[in-house]
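To keep things simple, chains are lettered A, B, C and D as they appear, and every chain counts its residues starting from 1.
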């Protein structure tokens, strides 16, 4: 698994404990839960670190696409460690890479991507240029160190 | 089961199809899903029949307690029929009874109750008297016929 | 709120972090999530402390009823601390009390109860007497100290 | 949107009603729910049409990757119509395309893909060649007509 970046290469990390009802009838965590883990991590980053408030911010971030590659199954009560980093910064859109790792043994469970577009919340709700403060925050804190 | 009212005694009924990921590892629909079925049915009634809009109404209904008695298991892809009726109308609070029935064979899966309190949405967010229009709507349409 | 037992009176406690999609359109954690918190806590206790394996145990515990009283709203990213203790031990059934507390300020969010019945997993799947080892474990570790 | 295939080009279709708690705090259906809609549709097809039983089949289908492009928001109580068709049949893996359409006005909400790999359930749980009966069923019934 030499091509898999370690969690250390993800500047932002959050813990995502599984729940009993995350397990489906196959006896492992349902595939939708990995998206909930990435969505919760990204929303936490936007809300707590980038100052996004869904009811008062000038801009909000909307998910326009996502994907996930499932590598190994999680089973409740596994705790998932989610790593997040910037992949690409465009003019109005930005993309993220995630790694989902089982806390108990460090096994890579999944990798995924989210693409957000920035829109104005109160006006036309159309894509706008990524605010400079957001761009700077991402560039300075969310890009993996060159390796 | 002579003490269990038939679904016909529930004036408001909605269909609630199960989803694959509703099944937990025991191979049947997780107990939280029955609450989602009752919550979705009640919210639909308030929103579509009683004119409640969470963002503009003068009053909203808040759940203060709920309970469920689980009788038989549902398994995806079962479709659940949810019946809802008024149980009690107080001054500021009101309660509902639900019956959850399996569509394929009519088996009673669960019965439950929700208690809502009416609060003013924009002011002190304190309990207020049930609006007369709401009280009339419930009295006229949501009470089971005497039997 | 002098009649509300402190979390310290609950011998078993688990942390339940909320997720972004736990919040519903009212801007707070949906009522079904409180049941997921209690269900996950109870299932963890049965699986990790009482040795219940859904695929190999002689007995399993089935939820026959539950209820919840909602006191204050949680909002993502609140972390919920769940306390659990034995309420009653019958011959084939047993009940539990839960308290849900917001980690950041200790506010009591909800209290609830689950009633389980013990059934034989592989035979008639009928209620059986609570195994002595389970009864002893609960009596010795899951009963609140007299106060 | 001339490049978007109509739902008629999807041989298998299922209705997926939204639930109140599918809506997140942004006031629309959370992005994970679109994956639940695709997962539920695919699992239904495998279980009801292709004879897959998670507890007794010789083979099972495991999701190895998925993606979704979000075009327009659904809001509860929208009903989503999910269309599903074969995209590619490999030796051990197969991929599917989905279209999610709002029932009330036919608006395309999202498109997505799932890739499954077929594994033997009871043996080494390793990828195996797609069974001929499954391959034939897909070829005959799940491929969009040439257009």
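Methods note: a residue touches a chain if its C-beta (ideal position, glycine included) is under 8 Å from a C-beta of that chain, and two chains touch if they have at least 3 such contacts.
This one's a predicted model, so the numbers in the text were calculated from it and none came from an experiment.
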Fill in the blank from the handout: At the largest C-alpha centroid distance from subunit B we find chain A
Practice task
Between B-C and A-C, flag the pair that has more C-beta pairs in contact.
Solution key: B-C
Completion exercise
Per the C-alpha means, the centres of subunit C and subunit D lie apart by a whole-Å value of 35
Exercise for the section: Could you grab the centroid distance between subunit B and subunit C? Build each centroid from C-alpha atoms only and quote it in angstrom. Expected result: 23
Completion exercise
Per the C-alpha means, the centres of subunit A and subunit C lie apart by a whole-Å value of 31
Exercise for the section: Any chance you could list the residues of subunit D touching two or more other chains? Expected result: 20-21, 25, 27, 30, 32, 36, 39, 76
Practice task
Just say which it is for the chain contacts: an open line, a closed ring, a star, complete, or other.
Solution key: complete
Exercise for the section: Quick one: which bits of subunit C touch subunit D in the complex? Just the residue numbers, please. Expected result: 20-21, 23-25, 27, 30, 32, 76
Handout entry: Residue ranges of subunit A in contact with subunit D within the complex
Key = 25-26, 30-33, 35-36, 39, 54, 60, 62-70
Exercise for the section: Could you please specify the touching residues of subunit B with respect to subunit D in the complex? Expected result: 15-17, 19-21, 27, 36, 39-40, 43-44, 47-48, 55, 76-77
